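Labels run A, B, C and D following the written order; every chain starts at residue 1.
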Amino acid sequence: MQIGLIGLGKMGLNLALNMLDHGHEVIGYARTRSTVDKAAARGVKGAYSLEELVGQLGLPRLIWLMIPAGKTVDEVIEQLLPLLAPGDIIVDGGNSHYRDTLRRYQFLKEKGIRFADSGTSGGMEGARYGACCMVGAGDELFAYLEPLFKDITVPGGYLHTGPPGSGHYVKMVHNGIEYGMMQAIGEGMEVLAKGPFKLDLKAVAGVWRHGSVIRGWLMDLMESALSKDATLENIKDIAYSSGEGLWTVEEALRLKVPAPVITTALLMRYRSEQEESFATKVIAALRHEFGGHDVARK
Amino acid sequence: MQIGLIGLGKMGLNLALNMLDHGHEVIGYARTRSTVDKAAARGVKGAYSLEELVGQLGLPRLIWLMIPAGKTVDEVIEQLLPLLAPGDIIVDGGNSHYRDTLRRYQFLKEKGIRFADSGTSGGMEGARYGACCMVGAGDELFAYLEPLFKDITVPGGYLHTGPPGSGHYVKMVHNGIEYGMMQAIGEGMEVLAKGPFKLDLKAVAGVWRHGSVIRGWLMDLMESALSKDATLENIKDIAYSSGEGLWTVEEALRLKVPAPVITTALLMRYRSEQEESFATKVIAALRHEFGGHDVARK
Amino acid sequence: MQIGLIGLGKMGLNLALNMLDHGHEVIGYARTRSTVDKAAARGVKGAYSLEELVGQLGLPRLIWLMIPAGKTVDEVIEQLLPLLAPGDIIVDGGNSHYRDTLRRYQFLKEKGIRFADSGTSGGMEGARYGACCMVGAGDELFAYLEPLFKDITVPGGYLHTGPPGSGHYVKMVHNGIEYGMMQAIGEGMEVLAKGPFKLDLKAVAGVWRHGSVIRGWLMDLMESALSKDATLENIKDIAYSSGEGLWTVEEALRLKVPAPVITTALLMRYRSEQEESFATKVIAALRHEFGGHDVARK
Amino acid sequence: MQIGLIGLGKMGLNLALNMLDHGHEVIGYARTRSTVDKAAARGVKGAYSLEELVGQLGLPRLIWLMIPAGKTVDEVIEQLLPLLAPGDIIVDGGNSHYRDTLRRYQFLKEKGIRFADSGTSGGMEGARYGACCMVGAGDELFAYLEPLFKDITVPGGYLHTGPPGSGHYVKMVHNGIEYGMMQAIGEGMEVLAKGPFKLDLKAVAGVWRHGSVIRGWLMDLMESALSKDATLENIKDIAYSSGEGLWTVEEALRLKVPAPVITTALLMRYRSEQEESFATKVIAALRHEFGGHDVARK
């Protein structure tokens, strides 16, 4: 197929190369000229404006967005609209909030533009060599796009989750689970590191990859990370978060689903970003008040 | 009554003054000579050795321990034993683990020494002007000691909780609840501090003291702390813990009582003591592995 | 003062009686005729329509809303607007979301109507005999209303928290803290109830009311509840929630304030509302898969 | 090798068959005669007493325990001791607490019996076709046993974690991580199940197995469980726990490692076992006290 790919960052470029590997034609656009140049050097047909991108695509045009969630997506869609014709297709392959996706779907439907959402998992490696795609789309559109999804994913690695929005919904929850799993691994690793035995953490992660109950890709990555830095001494203890963990927590709250582990995992990330915890200062101050407990003063 | 008080620290000295206020005679001992001197200057009869302390007490001797929980209590009991006579009484007014108290009670019973435990709450101010005492003791011993407990507590502020050990048990749980409450206050204060309104935190704590659902002594202390340091800028964000919070969590685990709030409050204190969170480093490293996410490097 | 009180439910009626006690004139309206009759029998001047209510008020009219948060407030305001004149005052004394309050303030400002928000704490007893009011309002309006707030609150029990919205904000956080405190008390009580000692829970709550660190109104209520039902055998283990706990959690998430205790308290309430936990079923099913562990089947 | 296997339950029998597949000779003993018969029918040499078991083993005897953790292990060791000779080997392949293992190692060392611990992961399927073994042992003993571990594990699936006790320690933490991961998956699945889209949960678990970040054996099992019961309607929402989750939490507390996710996962299991939550009743009662909130009565 012929794909107009907007966004050639870490994920976008890898996905483009993946598409090229499977015989697709990729016309790529990014805001920064040098980013386009870099992609062009790898086989992507470079476009230096949206007009140029759209101009190179046959009807119905297939445009794949691989850009940051939020306003950027709306802005790009606004800029694309005058350039597109009814029947053209936009796939949002990024991590948009599912409610934005629902809204955009309705908006574009009224303009005659078909819209699908693909939650794309598997990291950069997945984007490059075989991702996992959770696709929300109408049946007809999904059928049309299915060959492409089949090509860019690992075997068994794509699913038509349901109507528009459902792909991003499933991806959101996937990431929520990921937050909980990662925090669990982190906590376990810390117990290992501080426990009574002098353990080779990399070797432990390694053996857990093979035959254990908790084997999986995160454990593969754990071994990989520890093979580069056996004690993680070069990593700062700050865990940032993008939106999906928060959105999963918000969705759980909305549904009154008690999700304490995913929520706690998110809150511990927020805690890690704090230079100073005011809540803790309150506790220290209270302890000092009632017990005359020593309080660490600055 | 005549009380031999061992331990003249923050809590012990205040308790001694409290007892003196109510017409009791207090012979006080502490390991450090100057501590005894200081107490002596306030009306306590100083004793510079356990022998001296015991020697000044009429039969049955009443000895009150106000010393750190753990080994110290066992050591002092060991040193006291040869000096005591059957029928003498030891009251452990400190924060001992209730299982240690049960053990000591059995041990002393075999020696003919009567033993009671008093969980003492109310901080230094309570020790000085009226505490809250949770007393574990046999009925007869409690009846004997009751006038003393009546004197050193606020009206309604003492309870015969049950047999030996029960006083410390109830005090342990009291402190567990305290951990949860303090963390809740801390979190709320932080939301106030970072929220969209420029609030006078001291004034808020002040109004909450009067008529609100969450009014109570912790809120009184909150206003007091903020009146000294309106933004807590001089307090470091480290909240230490003594044993009872942990013990409550351990007891809850033993009983399979889900106590997530008390537990989380404890864990957040531990988190505050960490210079570096290894768990967080693991998460940061994993994020970097799969997503090429920026990781803060040292 | 002359107050037009809309909403004569549990809180509203008590507040009306409180106002009457202090010499204010209360014209009261409620949707249900019999509710108005009941209030009228206690000294409130009954109004059976908003028109009737507004008609009895002198200029500038002072209207106090004591109605459920959400749409109802907007509806009542919409119905009131044609009846009011510039300079009239609406006080929202309910538990509205602070962002709704900000929106309503702007909306009413454009119409020339003055608007204040009062977060009202202290339960029914507080409403009746002395509440705690957190008031968001412009300075001038607050000065005008202050005598009323002084009358209906306990000494020290009202605060001008800041501009409109701030009263509801502070009240929201107050309730969030309350959630955490209540869960902490619940957990502690359960550890007491299941522990090795046969304790009189009512007596324990009673002694904790006097001189302990965790003394406060919630402990007063704890003793009161246990005095009616010593083992709470007649209470079902479901803890509902109104909005403020959730809003505090949402606000904390928005501000990236880690509030794990308040959040967990909320989630445990949600858990208590569940007839069945799907998350737990997943775990049971997984355990069965890997370990052949017995799984409770229906 | 020749292995005397004590315990022929779910894990033990599968492990025996695994050993047989690799050409080892297995003499198997279990307390129940029929259990031995069943194993004998599959190729195990049945022993109907420990004497019979030991009698069939050449020197140095290699005895593998696959029995429930706790007292049973001590009892069996006590019964074995008079039958063994210096240099004989006991491997504890069960889920013993690492501190019991340390104690047993010292005890047996004094008797001249060599002792190793193998944390064995991978469930029944792993035991049968290739497990993951974390082995604590002295270097010499490990070298001696290594060929056996190589045979019964998947490639890469065994590790000499360090000295005795370390195998069970690493396995304990493995299970702690497992608790956190499973709760995260459970929460995510519940958000999917209750969300706005009608999703095929089995299909979602299926796609997540292929290429996603959270792929791994637990997700394989998730799909398998859902393929048997698409909505888990036949599973009761009770998640039991054996010891390792609790031990990981206790160890984390001992080390002051904040492990809120693993801890919360454990507490949610405990919550699921409760017929009634006393903590929740306390909250419901308190709400009723202050707000006159409706309380669900029995």
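Note that contacts are C-beta pairs under 8 Å (C-beta built on N, C-alpha and C of every residue); 3 or more make two chains touch, one makes a residue touch a chain.
What you are looking at is a predicted structure, and each value in this text was computed from that prediction instead of being measured.
Q: Which of the two pairs, B-D or B-C, is linked by more C-beta contacts?
A: When the contacts at B-D and B-C are counted, B-C has more.
Q: Quick one: which chain's Cα centre is the longest way from subunit A's?
A: The chain lying farthest from subunit A is B.
Q: Note the rotational component of the Cα superposition from subunit A to subunit B, reported as an angle of 0 to 180 degrees in steps of 5.
A: When the C-alpha atoms are superposed, subunit A turns by 180 degrees onto subunit B.
Q: Counting only Cα atoms for the centres, state how far subunit C is from subunit D in Å.
A: For subunit C versus subunit D, the centre distance works out to 48 Å.
Q: Averaging only over C-alpha atoms, locate the centres of subunit B and subunit D and give their separation in whole Å.
A: A distance of 40 Å separates the two centres.
Q: Quick one: report the Å distance separating subunit B from subunit C, using the average Cα coordinate of each chain.
A: That gives a centre separation of 33 Å.
Q: Which subunit D residues sit where two or more other chains touch them?
A: Residues 122-123, 183, 185, 187, 190, 194, 213, 217-218, 257-260, 264, 268, 271, 277-279, 290.
Q: In the complex of these two chains, what residues of subunit D are touching subunit C?
A: Where subunit D meets subunit C, its residues are 10, 122-125, 182-183, 185-187, 189-190, 193-194, 217-218, 221-222, 224-226, 229, 232-240, 260, 264, 268-269, 271-272, 276-298.
Q: Show me the residue ranges of subunit A that touch subunit D in the complex, using the header's touch definition.
A: Residues 121-123, 126, 130-134, 136, 153-159, 161-163, 165-166, 169-170, 173-181, 183-185, 187-188, 190-192, 194-199, 203-204, 206-219, 248, 251-252, 255, 257-262, 264-265, 268 of subunit A touch subunit D in their complex.
Q: Using the touch definition from the top, list the residues of subunit D that touch subunit B in their complex.
A: 213, 246, 249-250, 253, 256-260, 263-264, 266-268, 270-271, 273-274, 277-279, 290
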